[in-house]
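Next come two complexes, and both contain chain A; in the first it sits with chain B, in the second with chain C.
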Partner chain A sequence: MLRVKVIKGVPEVVIALEGSLDMGTGEALQRAVDELNLNRIHSLTFSLSGLEIIDSTGIGQLIGYHRALSQRNGRVYLENDNAEIEEILGLIGVREILRS
Partner chain B sequence: MGLLRSLVNDEVDGEQETEIPQENGLQDQHDQPGRLAIINGQLHMEEPKGRGAWPVLVPGPRVKLYDGEQLVTKPIVVENIEGLSITVDQEPPASAYEVIVSRDKMEVLLKTSFRTGRAFRLCDADFEQRLVLKAEPAADLPAKPIDPKLVLAHLKKEGIQTDLIHPEAIIEACLGRQDTEVVIARGVAPVPPVDGRIEIVCSLQTRFSSEAQGDRVDFLDRGSFNAVNAGDVLACLHHPVPGTPGKDVYGKVVPPPAARSPRLVAGSGVKLVKNGTMAVAEVTGRPILRRGVLQVNPQLVIGQNVDLSTGNVEFRGDVAVLGDVQESLTVKAGGSVDVRGSVFHADIVAEEDVIISDKLIGGSVVAGTDQPGLTKAVRLLKLLDRELEQLLAAFRQLKAHPRLSVADLSVRGDGYLIKLILEARFSHIPKKFAVLDALLAGEAQSSEEELLTVINGVRAAAKRFLGAAPLEFKRIEEVAREKIHLRAYGAELEQALDSAADIYVYYCQNAKLEATGNITITGPLAYDCEVVAGDTLRVAGNCRSGFYAATTAILAKTVGATGMGKTELCVGDKGVIGADKFCPGVRLRIGSVQTVIEQECLTTLFYVQDGKLHSREFRQGGAVC
Partner chain C sequence: MTLPGFDLISATGGWAFPIFAVLGCYFCYRLGRRVQKAKTEQAKDQELFAAYQEVIPLVTCGTLRLISPEEYQNAYSKDKPLLVIDIKQKDDVRLVRQTVDQFFSGVFTTWSEVRGGILTALSEAVTNVVKHTPGGRLLVYLDPAGPRFHVEDYGSGMDLAKLPAMFVSGYSEKSTLGAGFTIMMRYVEQIEICTSEAGVSLVLRTNVGQMLSRKRTRREGGDFHALSCRAAAEAGNGCGQNHLWQ
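Let's look at the complex of A and B:
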């Protein structure tokens, strides 16, 4: 179960995620992003503090948004104070790729 | 002298003998001189009348006049012709032969000569008071043939072997009535031997010219120096075949001439095998035949600068350059290269040590192998081994993480997460594999079959980490297996590297140096160079700017300099970096541990223990060379 809360503030958008971001729930996030006009967005911030579970598909999805926005000179940020989720991001190196 | 007779009067009708007295020396009209004539070959005489002159008879050429038995050689006054006789010399035919034995007694010549004779007769002549007796040719007298039996008898008497005589030639010569010279007996010539000979199998040319490539002219390419490899057959000795004896016309045995028996003489670098009938190179080098001695000189000495006049130098043995190596030139040796001068923006490639007695400015020096990429490949494989271990550790840690769902991996396979990690955290792994693949692609073309198998194995493994290929990993264990394979391949590649070759150079600047063994810079400075030593890099002086790598150790007097370009030193994870002085800004990497010198360090030796950088006093000092 993934709860997606989009806090619209174009050109800077914040999406708060709660629950589980995985192969089964990623579609909900995708719908939310699709509703946004990425061409008008400068930055997209995902708040991950409410996440309990994430899988590699979910992480791949976040990296995918980063790539999409990077092509439009936008950026993706991750907000997170969940140490365990942060450990996963660190092991995979997600923050490194978002900095690139 | 015969008496004068009036034979003529008897034959001349109507003429009366009249005596005319002469007075006071004057001739009376009745005085008539006596006369002589030859009629039908007979001498006739008219006696003189009165006080007429008595006839005179003169013997001419080829005519002999006899008065009785006495030969008359001067004109005579004839009183009468009785007692006079005349003969005419004849020219008889002649047939002759001569038997000549040649000086070597191998031939008998028959020389025949046939001369046609001529019959002469006394010329008729009218009555004259002074008659000259003359002869004239009457007929030719053909020469008679020679009796062949005479010749055969002659040969028999001479002791000529009968079975060697050609009778038909004798008959033809004897009966032919023509002057001839013909061989009538011939000995049996000895069959000459086949001389022994030395067949040089290798080329003794100093240099082979390069074939022109279309319209392109490469002034630096003057052809490669001729060289043979150890074990190559250089020459073969072919033994002589003795001749067969013959016999001369007397039947005496004629021995054949002695056959030449050359001898293979092996000089330095050459070994004789197969009972001295084959010369084989003991060393790799240039084959030389000097004064009949075959040798292989393992060293090519260029007694001058290597420049446009010499072109590039490529030799399978050692090369010694007594001068400098000039810009854009290449010296490539299967052995060592010893440059007594400097090297300016040139390339030196040697399978063994390289010594540059003076400066190395620009250009590159590679020592130790003609596959320099292998050294880098081995180094990369060692780095990748560690990094793949980190990848595996990260993956396992993730998979065990309570907050990471792995349900998707059972559908997609572990490859999805592996690809994520490779992209995000270990992006240098695919990059290194790409470099490795490119390096080995270059090496594959010149490698032996056994090494090629290893190279292909490494390249196949490398490709699994490139692009989207990691997605194909079903399970992480496949990565672990590839890691094990790569480690084994790395060990095989390392074994395939030639024995360590060293570089010794006095001074180097803006140059690339790569050696499988040690690199030693004996002079005051190594400046802005890219140096990779398979073992230890020693710099007696200062090491400023550039990249310096070694597996075991880097030891220098001074490293870096204030205000200069970046100086980076890199050694293997068990290596050490030591110097009398490290200047601030110098980057050090020992294995995967990196640091930047922030403050000047004196007499310090850096090393890594338990994954952490340590240092102790560097006691060796700068006098490392």
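Let's look at the complex of A and C:
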């Protein structure tokens, strides 16, 4: 289960994620981002502290938003103070691309 | 009774015979070449398998092993699974996690401390089945060290030549295969890969005690993996500076 809460709307969007972000739950996040419309977003901050699980598919989805926004001169940030989630982000090397 | 070929030869006054003979020789030659090529390819595959079987455990500190279908059968065919869960669609990634989580929370008192890593590793293995194959199943066992998971798929097997891609740690633009295996190798004690034309079976062995020590070491500011690799190097198993993940 993934709960997606849009804390702050366009153009400086903040989205808090709770639960698990993986292949089966990514659609809920995609729907929320689609509704906000990427073209109107200047920056997209994901708060991951409420996540229990994130796997490589979930991280791939976040990197996809980074790529899409980079083409529009936008930025993606990952906020997180959950040690287990941070370990996985570090393991995959995402922190070299997406910072807090 | 006359053979149709001979009818044709006599009907053409015998001139067709050399043509048939040449054609026959040519087809025999082509068939021979094809058989030879198949044998060479099979021999190449066997050589590649033998080389990987030797090298993979060395470069992964023994975390990853390649085993043959016979070895898989001999080692595990008598074990009775505690759980069998079908894997077919996206949502099964979550369902598998949920079922395993519920099951082991009643088995281990320390499950809450290790569940995150184990369930993430399991997510990666199950996601591979959903993404790349028509489906599969998860079999769950319990060893003295911790849960053991067999993720079997009904695909057409793994291309051995692409196996080194698994060692590319980090997120890759072309494929997330490297990232998935990096995560799995971090949270399980050992992964055995068995691939054949009937599909791939992954055996994920966990070690709950080791995971707890790692957590404790990390809380105290150390790096468990660096320590364990150093210990392995001191024990002389060829690991040490060359480990592939952080």
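Keep this in mind: the second predicted complex is superposed on the first by the 97 of 100 C-alpha atoms of A that agree within 3 Å, B and C clash if a C-alpha of one lies under 4 Å from a C-alpha of the other, contacts with A are read in each partner's own complex, and residues count from 1 in each chain.
The definition used in the following text is that a residue touches a chain if its C-beta (ideal position, glycine included) is under 8 Å from a C-beta of that chain, and two chains touch if they have at least 3 such contacts.
No experiment lies behind these values; they were computed from the predicted model shown.
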- Message: Let me test your reading of the model: by the given contact rule, A:79 touches which partner, first (chain B), second (chain C), both or neither?
- Response: neither
- Message: Quick check on the superposed pair: does A:25 touch chain B, chain C, both, or neither? Answer first, second, both or neither.
- Response: second
- Task: Considering only the touch criterion stated at the top, classify A:55 as touching first (chain B), second (chain C), both, or neither.
- Result: both
- Message: Looking at A:1, would you say it contacts chain B, chain C, both, or neither? Reply first, second, both or neither.
- Response: second
- Task: Kindly list the residues of chain A that each of chain B and chain C touches, one partner per complex.
- Result: 20, 22-23, 52-57, 59-60, 63, 84, 88, 91-94
- Could you please specify the touching residues of chain A with respect to chain B in the complex? 20, 22-23, 51-57, 59-60, 63, 82, 84-85, 87-88, 91-94, 96-97
- Item | In the complex, chain C residues that touch chain A | 90-94, 97, 116-117, 119-120, 123-124, 127, 130-131, 169-171, 176, 179-180, 182-183, 186, 245-246
- Item | Complex contact set, residues of chain B against chain A | 394, 397-398, 401-409, 411-412, 416-417, 420-421, 423-427
- Note on the structure: The chain A residues in contact with chain C across the complex are 1, 20, 22-25, 52-57, 59-60, 63, 84, 88, 90-94
